[in-house]
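Lettered A, B, C, D, E and F in written order, each chain numbered from 1.
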Amino acid sequence: MKFGIMVNEGPYTHQASDSAYNFVAAALEKGHEIYRIFFYHDGVNNGTRLTTPPQDDRNIVNRWSALAEKHEIDLVICVAAAQRRGIADADESKRNGKDADNIAPGFRISGLGQLLEASIQADRMVVFGD
Amino acid sequence: MEEAGETKKIMYVNRKAPYGTIYALEALEVVLIGAAFEQDVYMMFLDDGVFQLKKEQDTKALGVKNFSPTYRALEMYDVEKIYVEKESMEVRGLTADDLIIPVEVKSNEEVTKMMTEMDVLLNF
Amino acid sequence: MLHTVNKSPFDRNSLERCMRTCDKGSAILLIEDGVYGGIKGSVIEDKVKGAMKDVKIYALEADLDSRGIKGRVIDGIQLVDYNGFVDLTVEYDKVQSWL
Amino acid sequence: MLHTVNKSPFDRNSLERCMRTCDKGSAILLIEDGVYGGIKGSVIEDKVKGAMKDVKIYALEADLDSRGIKGRVIDGIQLVDYNGFVDLTVEYDKVQSWL
Amino acid sequence: MEEAGETKKIMYVNRKAPYGTIYALEALEVVLIGAAFEQDVYMMFLDDGVFQLKKEQDTKALGVKNFSPTYRALEMYDVEKIYVEKESMEVRGLTADDLIIPVEVKSNEEVTKMMTEMDVLLNF
Amino acid sequence: MKFGIMVNEGPYTHQASDSAYNFVAAALEKGHEIYRIFFYHDGVNNGTRLTTPPQDDRNIVNRWSALAEKHEIDLVICVAAAQRRGIADADESKRNGKDADNIAPGFRISGLGQLLEASIQADRMVVFGD
């Protein structure tokens, strides 16, 4: 079955990101397809490569990046939500006159249309949030 | 399993008050973008979500943007199926007259039934 | 002491918790979504009126304005602006934020 | 349809709202802090038991474990792991997350 | 107005469940660091905060760190005034026997009184 | 009077940051002193210079920076919370092997002791959060 996932909260503060990750990992193991994971609201904060969690804790961002690479999952960060919260790739950084970017490997920034498309294309849409 | 090109029934479920958190505003942004996809769209306001439609919002002193007039523009985007739960209004001391746009008022029982008829529920 | 409540009483337990745990002579300031606790005609109105026998209740004007409910506030709740918020934190010896 | 509830019923309204708005034949899955809704001996136990006459209630094992309440779950609530969570989303035609 | 060097009564007010959000863990980090400041420290667990102290937490399947054993270490940091509200436990079906450390159980009325005696309240 | 302020939520998503700003601005106007503003939990996200909010919206990060400069206010971001969430200054970035930093002008990164110190030194501590 084809799943679309929406993640509405950032890493560590709310469990939403962990729940989404564990759900996605289980779905993949069962042979399902993840059509797209869309990061919205504070969820965009899952996609910064500048996190350095404590050694004995899980690395939420790296975990998403690794999953995306291994299973070729489309991790999409909403551009409007990202601009409000300071998540930028090289293009966005340049366009907005910033001197740095912070996007993590495996994530891409795109528009809200990607969420709608996932909702239409997927067999099941599952939302994780606060 | 959807055929390509098929139209889905999508319900935006709004349960949060405006301004205290950004969910109401960012949900509205999804609805506006979503209009271009020509799906069968339903907006449902439940619980504190009904406060999103309260008339007379004035954000000058707060220093944030008043996005409530945007609800009036939904019609132009062909978003016309807008529902508010009766019980949610009653609990909060509101009636349909307090709302910035005309809506269809549904009982909790009707809301339940409508939800079961959707293809996708997006929760804010 | 001054208590602040910033959540809607229809979604969270914080206003009821606050009203149960504030001593006579203290004050409650409703801010952010907490101002919905001051709305007339709601299911919580009687509890709020009951609490007002023992404590003063204030509500932040900017938060009432933005939510379109300034004209609907329960009688006896006093409106304050941010200056008034600051004054309350000075008048009372400490602040308990019911997050 | 499948309903998920991820908030404590002692803090938020989402479990009660969900139980009021789920049709016969649907299922509720308690996840994250939502699993506290499945604890025995709480003030909400009777309401949860009442809802179980019409809908199936599940709880996510990892969330019960982490909170130390797996041994305290109301009889009749079925435990699932993340695989079971995925299976439920397949079995039911759509998911409503009561955020 | 405090004199330099004076000791303040500081209460950490914990009202949130563990794991669903990070507040419980990050509050604990404040308490541990705060111990070095040699103030008169009180930890109060109210509402869902009482779940922080539940015995038998096992986070293996969740894949996050189990920080509940740290509450047992509080004594070594001279954090010994630890209180739990009776009514909060009752509502949730808990008793003091369910908790990972010995605590003093206080009624809502006693909690109210204690709070009024503090100099600072830090809310998590 | 001397105020200590704790801000527990990031910009835009929750109103906490706006409320804290409006409170602080009013306190300064009344002649009070702001001993320190401590950003904890997701509050650390107030201190990224990579945000680009919509033109017609307030710029929460710039507003803090400007206030700090004008009134010499100490804006402290908790280091442990910042590491989890990806807020870094040049030093932190280097120490953690990162290739970029994102801290905004007027903010500094320091330890939780700064929160305790503020609680002890200030006449009033006011907490804004979710």
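One rule holds for everything that comes next: a residue touches a chain if its C-beta (ideal position, glycine included) is under 8 Å from a C-beta of that chain, and two chains touch if they have at least 3 such contacts.
The structure displayed is predicted, hence computed values, not measured ones.
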_Just to be sure I understand the contacts, which chains border both chain C and chain B?_
D, F
*Chain whose average C-alpha position is farthest from chain E's own*: B
*Where's the contact count highest, between which chains?*
A-F
*Fit chain C to chain D on CA atoms, both being copies of the same sequence, and give the resulting rotation angle in degrees, nearest 5.*
180
*Compute the centre of every chain as the mean of its C-alpha atoms, then state which one is farthest from the centre of chain D.*
F
*Centre-of-Cα separation between chain F and chain E, whole angstrom*: 25
*Take the average of all CA coordinates in chain D, do the same for chain F, and state the distance between these two points in whole angstrom.*
38
*State, to the nearest whole Å, the distance from the C-alpha centre of chain B to the C-alpha centre of chain E.*
40
*By residue number and range, which residues of chain A touch two or more other chains?*
12-13, 15, 22, 41, 54, 57, 80, 84, 125, 127, 129
_Give me the residue numbers in chain E that touch at least two other chains, ranges are fine._
19-22, 47, 62-64, 120-121, 123
_Multi-chain contact residues (two or more partners), chain D_ = 6, 10-11, 13, 32-33, 62, 81, 94-95, 97, 99
*Check the chains against each other and report every pair that touches.*
A-B, A-D, A-E, A-F, B-C, B-D, B-F, C-D, C-E, C-F, D-E, E-F
*Of chain A, residues touching chain B in the complex*: 6, 40-41, 80-81, 84, 111-113, 115-117, 119-121, 123, 125, 127, 129
*Name, in rising order, each residue of chain A that touches chain F in their complex.*
10-13, 41-42, 45, 48-54, 57, 61, 80, 83-88, 92-93, 96, 98, 100-102
*What does chain B use to touch chain A in their complex?*
1-2, 8, 10, 22-23, 26, 29-30, 33-34, 36-37, 39, 120-123
*Which residues of chain E touch chain D in their complex?*
16-21, 47-48, 51, 54-64, 66, 68, 91-94
*List of chain C residues in touch with chain B within their complex*: 6-8, 10-11, 32-33, 36, 39-43, 45, 61-63, 65-72, 81
